[in-house]
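These notes are about the structure you will find just below.
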Amino acid sequence: MSKRHILALYNDFDEAELAVQELRTAQIKGFNVDDDLTVKSPIEHPEVERMIGYKPIRVQWFTLIGALTGGILAFSLIAGSQANFYSQMKGGKPIVPIPPDMVLTYEMFILGGVYITVLGFLICAGLPARRSPLYSAKVSEDQIGILVRSDESAAPALKDIFTRHKALEIQEEAGK
Amino acid sequence: MGKDIREDIAWAQINKDVLASVQSPRKLYWVILFIALAVFGVGIGCEVMNYRIGLGVSNMDNPHVWGLYIATFIFWIGMSHSGTLLSAILHLMHADWRKPIYRFAEAMTTFSLMTAGLFVAVHLGRLWQIYYALPYPNERWTWPNFQSPLLWDAMAIFTYLSSSVIFLYIGSIPDLAICRDNIQAGWRKKLYSILSLGWEGTDRQWRNFRITYMTVACFLIPLAVSVHSIVASDFAMSQQPGWHVTSFPPYFVAGALYSGCAAIITLFVILRYVFKFEEYMTLPILRKTVRLTFAIAMVWTYLNCIEFASAWYGHSQADKAVLIQKATGPYAPFWWSMIFCGSVVPFAMMVKKWQVNIPIMFAVSLLLNLGMWLERWMIVSPTFAHGYYPWSWDHDQWPSLVQWGIVFGSFGWFTLLFMVFCKIIPSVSMYEVKEMVYHRTLAKKKEELGLEGGH
Amino acid sequence: MSENGFNRRDFLKTLGWGGTAVALSGCGNTSIEDGAEFVTSYSEPADYVIPSIGVYYNSTCAQCDAGCNITGRVREGRVIKLEGNAASAINHGKTCGLGQAGVQAHYNPDRVTQPKLNGQTVTWEQALAAISEKLAGASGAEVAFLTGGVSGHVRALLDNYLAALGSREHFVYEAVSPAVERAVNTKMYGTAMPRYRIDKARAVVSFGADFLGAWVSPVNFSQQYAKFRKGNRPEGRGVLVQIEPKMTLTGANADRWIAIRPGTEGILALGLINALGAAGVAVPGDAAAAAKDYTTERVSAETGVSADQIGRLATLLKERTPSLVLAGSAAEGYANGSQNAEAIALLNRALGNVGATIETSASTPFPQLAPRVGNRAALTALNDGLAAGKYKVVFTCGTNPVYSAPASLKFADNYAKAGFKVALAQYLDETAQAADLVLPLDSAMEAWATSVPEYMGGEGNYTQLSVTQPLMERLYADTRSTGDILLALLKQRSPDEYSGFEDFYAYLRSALLANKTALGGAGEADDDVFWNVTLSQAIIPLQGVVSKSAPQSAAPALSAPAAADASYPLRLIPSVSASIRDGRHANEPWLQESPDPLTTIVWDSWVEIHPKKAAELGIVEGDIVDVTSKSGTIQTQAYIFPGIHPDAVSMPLGYGHTAMGRYAKGTGANVYSILDAVYDKDTGELALNETSVKISKTDKRVIIVKEEGPAGGSQVNRAKIAVKVSADKVDLSKEV
Amino acid sequence: MSVSNLLENWSKYRHTHPLDDGGHADWNAYPSPIKWAMSIDLDACTGCNACSVACYAENNLPVVGKDKYAHGQAMHWMRIERYWGEPEKAIDEFDSAMNFQLVAQNFDVDQGAQFLPMLCQQCEAAPCETVCPVGATNHTEDGLNSQIYNRCIGSRYCSANCPYKVRYFNWYSYPDQEHAWPEPLNQQLNPDLTVRTKGVMEKCTFCKQRTYTARNDAKTEGREIRDEDVQTACQQACPTGAISFGNLFNPESTVAKQWSAQQVDLVKEKQDKDGTPDNKLRGYRILEELRPFPSIMYLERVRESAV
């Protein structure tokens, strides 16, 4: 069954919010509000969460794993190379000196954390991605976009809601 | 006093104003770019001499083995810190006045780190063997010495530089998308299309963006502190009089923030003037930055006094001798200039009227930076000139033109990078200014509502 | 990578091809890239080359007249390092810095490599033919030979050559020579160069004898000094007092350094005799008579040494016997220098040191090999002859009078009057430059020779013949040793006698073998065994002949120092550096770069001025000053030096060459050129310290290139850097 | 494998030299631990510079010439320092630190000068070793600071951290670009060690080429190192025999006897005898209080003050 994409643009956030609320309450068949609704905005609105429901963020797990891996890797690399390969005496210091090694462990802890966090971001945010065909440059300027995906059958109802909420512009396109 | 950012400024206007700065450059841009290139060329020429003839052309000697290269290295590392301060610390504190100015500050961080990195290479006697300092596996099982503060330095700079680049880039993605959407055609459009990674501003993207940005900011703060502490460790971990000072790490961090803030004021004034950003880089923001700088100046002054006091009241005669030497010996003019520029000049920032007087603040910021550069020199050189061992004192060492040339050239390199940056990445964060305006509008609305429905 | 370029090529060369290539091609400067190098594989090395193993050959140091015995380390046919020969009675396995630099005299890049006639390179045949031709037109009296000190078989050959020429004009000239000392010693002790037993003395009072630096046989004396200073010696730890107007290296090591008014050393010596007599020491009659007028008050007034100090000196000498009193150039370099030295010798006699710490030495049993030593008087005599146009042919060898003669002699002009000037030279120095024919000499690492040191260590009547043998093949095919050249010249004169000797080596070998028994080789039936033993040791120990003349009584006629000339108020004390010496080593870069021990200055000359005098003259360190005497003016940098008498200034000899290669030329100023022609009344020796100068500031100032830093020799009260402790605060008896 | 190795030998890797072992490195020692050490008798030293020139000859040190010497770029591994007597009048420590030039005008020359040969002190806990980023300077099992020329990248941190300032940097390429050994002077170069190129640090090695040979010979013969096996170049030249050198851990060696007679302990920053009222010994180490545990003991110069 083919899907249809509709993008409605709103002037400001309040109007968009009303439209979304309507979509959530409307119970349109062939349109799952949790899965098929995307809000596009030029700025970050923390309120969007409230509007479209809480969605889990998993980036922190990447952070934790990255940081721990970085730190452990650093210490084992350093201590390992000091002890196993380059067992070279420095007068007044042990072969594996803990305090100096901690400095690099700390740096690698951060490095791992940052790198893997960013990796996590790209994975979680689905970037890099091709732009969806229904995109308006207005979204990056000052308008709020609501992108919905629905069965063909649900399209008129959705459009109706958008229109009622004074959408500035409605684009639609037959999806796959 | 000028006006703060207007709440009623149209978002489209923000886009338009800021995008104007990345449009095709004016003639003056090319002139400045060429000058920067020439200055950098001087530095390159000097480095070629260094490389081919040997480091002796710098006039360094035994035992005065470090000179302006290390001093300028610390200077550039220090300058990088305020970018982090503005973007990361103030971000976590939700200080929204940072939003119009943090982008270029962050760029400054990145570029000054890249400049500092050059000095690591320039400083080496055998640049062509620099890879020995990398922990790469090899058949001889030789590794760098992980105990060396210089290696920590290298690692910290690498971490800091890559994290800063990532931070700058992640934070710019929404703006790169704006550029992509607004720039019509040509290679720039393609570039922005790639760089923006297909950003659409969806709720999922923003959601993850927010948490990522926050997390990286959290990492950057301790990282920035650690980086300059480690640079301080180059000195504090050694045994030399005047260097082996417990208060060096915080002292270096304070000095770093100080010089960075001063540089932000400098660049603030320049960008505001060149790109006509009066609407965004407003005088109240300048005032806040100036106040912050002043506060840090006082912290720095305090830590300076602590250092002197601990030398003075401590039992190490050698430490004391170095201090006396700084104040009375051949370095005295520079040392007193440092005290003047670093601790006296900032009092100009106490004058309320002057806080928003652009020419005065511009001059002050330049003096502060001069003072901070001198500070680094005064940390490095006097200890060599007047160390533990009186026989090897060396008061005559004076950097050669080659050394000065490379220091000079580094400013060309920094300018060059910054000029290129200005034309590729919007130097004011558009989406964050929009957020700022949005939040202020909301707040104002609430206020009005509150007034209307008041009791 | 460019940096590796040198290493690889030169290491391969030095390791693999250097020695042999040099030996075979006679030229070490070719390179494999040119295709000009002849490479010999190590699979068939020369006999004397063991790849990568050092081979040691004994020889004799030629850097100064002390004649230390050395051992050269030879790697792949190249001599790379010199050490002392442990079997030596002179230096006991030790060397000085000057000796170490012997290899730089050998490998010097500015050697003369080919005979040059009027600047044109000629062959040896042409050169010898030119000499022969010039000699043909000259009578024996018209041929002069000017050399430095010579001994051994070279001296014997030289004598033979002079005899063959019918010439008696052999002048032996040393720019800095102990001529006064020899004369006075002969008079006062009966022997010209007695053994000084510093190691037996309990106190040494030295009037300007720099025995640790440049005086007579420094390495020998340094070792005696080390023994003298040992606390666990039976005699106990010795005390050294140095009395001189300019602090020498020895003065720097003294327990008490006394800045005496220049030229009054004899007065102090007589004053001490007087004070000793007063203190109850049995002073011989002639000494007591000579000293009776020298009361402590008078001496103190004339010498500037406090009465208290004189009293302490007398106590020291009285309590510590045997003692040793030495007179050095600082006491001898005056018009009344001999008188000073006699007074000092008288003090030794008064103290009973003669025979105790001043031992009669033995001379070599082969008088024809004995050292012929030199002095300034010889130069004066030659100069007079030259001025009169007496000489048609003049040979010079091992000396550089054009450089080191005082300007007042006008030696360079007179030398030019000689008909044909032949210089035997290792470098193109000032004299060789002025010569018509330059004959390139071997270095001491390439030549055969024997020598007899003038000052001999050891005990009793020990003496020795030292052998100089090549430590490696010639660097340049066209250099010859002095012996070879003399032999070639003799072959021109007396072909019958000498044609049997192919070269000087053959002559030397046959001469030594002929005296095998006398040389202690009686036990060796086989000549080759004897020869090999001789070469492996390079020292032939001999029973010397003790010949002692009766000491004469003396009544030194001392004169009070003349009042200073108002226009030249300062006394110039030329100092002899332990490394550059009279200037002959100025072209050895290690020595130029080795800081002067006291001023730490390198690569230049300087004038030492007392801080008070400098303040008076408004001079600060690094000021370029004119040092003007009656004879001339030189410019140099001022160094403020506390170790000098306020009325004296001092400059080092040996700098300011106008030739002699890249390292010597133009470095510093030549003090010889402003020395006044004042001579010691008794010996005719140039009175080095009799020049008065004035110092005037120019408007130039430089930063002196020296090792010392801005702390200027202060330890800034850092507790433990160079620590000095009073002798009563330590217990030396248990030391190892 | 590495992790198990690390865990199994943890105590070995946490072992601190020299504090935990009194300077005895416990591995690779043959036939028994060697600790090269020196003692320099300042009473015997006359300041004649023979050691310094011998060092030039032995160790291929470049002559830098007047201009570079003026810039402080001389390469003398062994330098002779000349100190004057400080004036008697009480100058408190702070004053003299500031007014050392004033002190210089009032030097006391009555007892001559004071000479000090200064060379790498081969510290047991060397400040230079820990700071090298590439590990070009390390501690050897025979108790030396090794300097690995071809590992050195020229960061000069070691020199910056050396309290004695006895490390010398090759500011120029002396062998080729600067022609420090014009032909045929280069034929004098000692093939037992390298000629250093530009950009690397160098310093006194205690004549490594000699000690190494001596050690190998002793090993071949299966015996202890003896004093007569090896002399450093400076020691061999020294006309007054002021320098002794040998294995500190061999109680028969002169050096060990001298150290113990002077009650100087290798791994102590303050010797027991110091501060005792009846201390009549003259052995000391320079800047000992900084805890580098130097391997060179100096013996104070003795002077008779009553004359």
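As written, the chains take the letters A, B, C and D, and residue 1 is the first residue of each chain.
Quick note on the criterion: a contact is a pair of C-beta atoms (placed from the backbone, for glycine too) under 8 Å apart; a residue touches a chain by one contact, two chains touch by 3 or more.
Treat the numbers as computed from the prediction; the structure is a model and nothing was measured.
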| item | value |
| --- | --- |
| Innermost chain by mean C-alpha position | D |
| Geometric centre distance via CA averages, chain D-chain B, whole Å | 42 |
| Approximate Å spacing (C-alpha centroids) for the pair chain A, chain C | 89 |
| Interchain centroid distance [CA atoms averaged], chain A/chain B, Å | 30 |
| Centroid spacing, where centroids are CA-atom means, of chain A and chain D in whole angstrom | 62 |
| Multi-chain contact residues (two or more partners), chain C | 703, 708, 710-711, 714-717, 721 |
| Per-residue overlap in chain D, given as positions that touch at least 2 other chains | 74, 81, 83, 93, 97, 100, 116, 130, 135, 173, 177, 198-199, 287 |
| Per-residue overlap in chain A, given as positions that touch at least 2 other chains | 82, 86, 88, 90, 93, 100 |
| Arrangement of touching chains [line / ring / star / complete / other] | other |
| Chain A residues touching chain D - in the complex, by the definition given at the top | 76, 79-80, 82-84, 86-96, 100 |
| Partner chain B, residues of chain C touching it in the complex | 1, 703, 708-711, 714-718, 721 |
| Partner chain C, residues of chain B touching it in the complex | 128, 317-318, 321, 388-396 |
| Sites on chain D touched by chain A in the complex | 2-3, 5-6, 9-10, 12-19, 25, 123-126, 129-130, 135, 138-141, 145, 291-293 |
| Chain A-touching residues of chain B, taken from the complex the two chains share | 10-12, 15, 135, 141-143, 145-147, 151-152, 155-156, 158-159, 162-163, 166-167, 170, 173-174, 177-178, 181-182, 197-212, 215-216, 219-220, 222-223, 226, 230, 233, 431-432, 434-435, 438 |
